[in-house]
Amino acid sequence: MTSTDDIAAFLAEAFPQTRCRVREVVPMGATVVHAIGPGELRPGGTVSGPVMMTVADVALYVAILGEIGIVPLTVTTSLNVNFLRKPRAHADIVGVCRLLKLGKRLAVGEVTLYSEGSDDPVAHAVGTYAIPPH
Amino acid sequence: MTSTDDIAAFLAEAFPQTRCRVREVVPMGATVVHAIGPGELRPGGTVSGPVMMTVADVALYVAILGEIGIVPLTVTTSLNVNFLRKPRAHADIVGVCRLLKLGKRLAVGEVTLYSEGSDDPVAHAVGTYAIPPH
Amino acid sequence: MTSTDDIAAFLAEAFPQTRCRVREVVPMGATVVHAIGPGELRPGGTVSGPVMMTVADVALYVAILGEIGIVPLTVTTSLNVNFLRKPRAHADIVGVCRLLKLGKRLAVGEVTLYSEGSDDPVAHAVGTYAIPPH
Amino acid sequence: MTSTDDIAAFLAEAFPQTRCRVREVVPMGATVVHAIGPGELRPGGTVSGPVMMTVADVALYVAILGEIGIVPLTVTTSLNVNFLRKPRAHADIVGVCRLLKLGKRLAVGEVTLYSEGSDDPVAHAVGTYAIPPH
């Protein structure tokens, strides 16, 4: 497994503009956290949908790299997101990923999203990634 | 129907940070365009998945507001995206939305995404929006 | 909560042709089992996709009725299924549902599907149901 | 391209129990029709969700085989269905598929479902198929 620190360093270098950071990498899973500020809100004072989709996407990417190592060209092939509850406006968004399948060329996982400090999920996502030969 | 100019003015005011602009609003549909620069790319020189999800989300939102008027609290309840081809790195992303159902409380639509100037779709999305009483 | 026996009796009466039976109803969840015979297989000796989608759909329905009581007109509004591994040809399919959200008008849940006796999921689904006034 | 008759003959032999038949195969698309009788209805007198998912699945399968020839082990890897309107109880269900991408190993397409004789879609699906070496 790749260490949490190695993946965090890679993310910071490859995606310098991201506000999503790695909290933990575990076997077949990962937790990431996205800072929320005025730039992430939409009318109604709620976190915008694309920010939550970003968290889901990054959580999956980190969980997969945790298993296969730093293979940057691992790319999303599908993402399905259900928005469940209005997130808190001033809490960060936490994404907890669990991989359902890790094949040689394809990985599938699910991500549950929370407002930091709350146990009720604000969104749930399932995504598929294509893994290039490595 | 709400005019293209009215929706464009609303988007610019409500989402001041967005780089996605309205190109056209038609009955039960809309076309939006997202500018692509270094901030929208990911390793491999391709447009990042969350940018494409944003285009899909905005295209649906614009198409719905085109039909029901400016109801800002219309919110995404689900979005399913399939990524089909690598987008061109230096072309804007165009999203063409067609609504499949427009009910009183729920709207469903599909969005096909292209690199500007190409006819091969780079992604396809289906989304559901909840419409508040208005 | 509605009892496992009450829901099993309702399913048998309302869907007399189904080969899917209720194994257990728990708070915010349910487990169902679908018998597999020659009629459920497709070329290659594997369980057909629609059978697995049926299991996911029924597991969600049962989990929701377990919480809200027998409200037959509760209907699926979306279902997203990812097929993960080839199921065993001669094992029943088990669907384990966990509800993610139970609102007054809308419920969302996920279902993990297994071949009976195996711990590796063969498919995973997320579905949304509309609940009528009751 | 494989002819409509060849695919219809293959389906009848490989899936003898199906009530779904091929109406037309066109470049990058297909139309299939599923007979609806008492066995396909659910409480409320509406066509059951799994029947509509079957139509979507078969329409995609037929459209792909129309392009690549009879490759029976082409299998669904994901299917996302949105149910839009209550189908008529006594009308057949028609599924019109359009492929969005046909790669060597992966195909993606969308299917719009109608009650025979109506222009309002009752459901919409997007699916992904894995194509084995052939």
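Labels for the chains are A, B, C and D, by order of writing; each one numbers its residues from 1.
Note that in this section contacts are C-beta pairs under 8 Å (C-beta built on N, C-alpha and C of every residue); 3 or more make two chains touch, one makes a residue touch a chain.
If you're wondering where the values come from, they're calculated on a predicted model, not measured in any experiment.
Any chain bridging chain A and chain D, meaning touching each of them, is among B, C; the list is complete.
The greater number of contacting C-beta pairs, out of the two interfaces B-D and B-C, is seen for B-D. The distance from the centre of chain B to the centre of chain D, with each centre set as the mean of the Cα atoms, comes to 28 Å.
With centres defined as mean CA coordinates, chain D is found 22 Å away from chain C. Between the Cα centres of chain B and chain C there is a gap of 33 Å.
Across the assembly, chain A contributes 77-78, 80, 82, 128 as residues in contact with two or more other chains.
By the touch criterion given at the top, residues 80, 82, 84-85, 100-101, 108, 110, 112, 121, 124, 126, 128 of chain A touch chain C in their complex.
Across the interface of their complex, chain D is touched by residues 14-15, 17, 39, 42-44, 46, 49-50, 53-54, 57, 72-73, 75-83 of chain C. Chain contact summary for the complex, chain B toward chain C: residues 77-78, 80, 106, 128.
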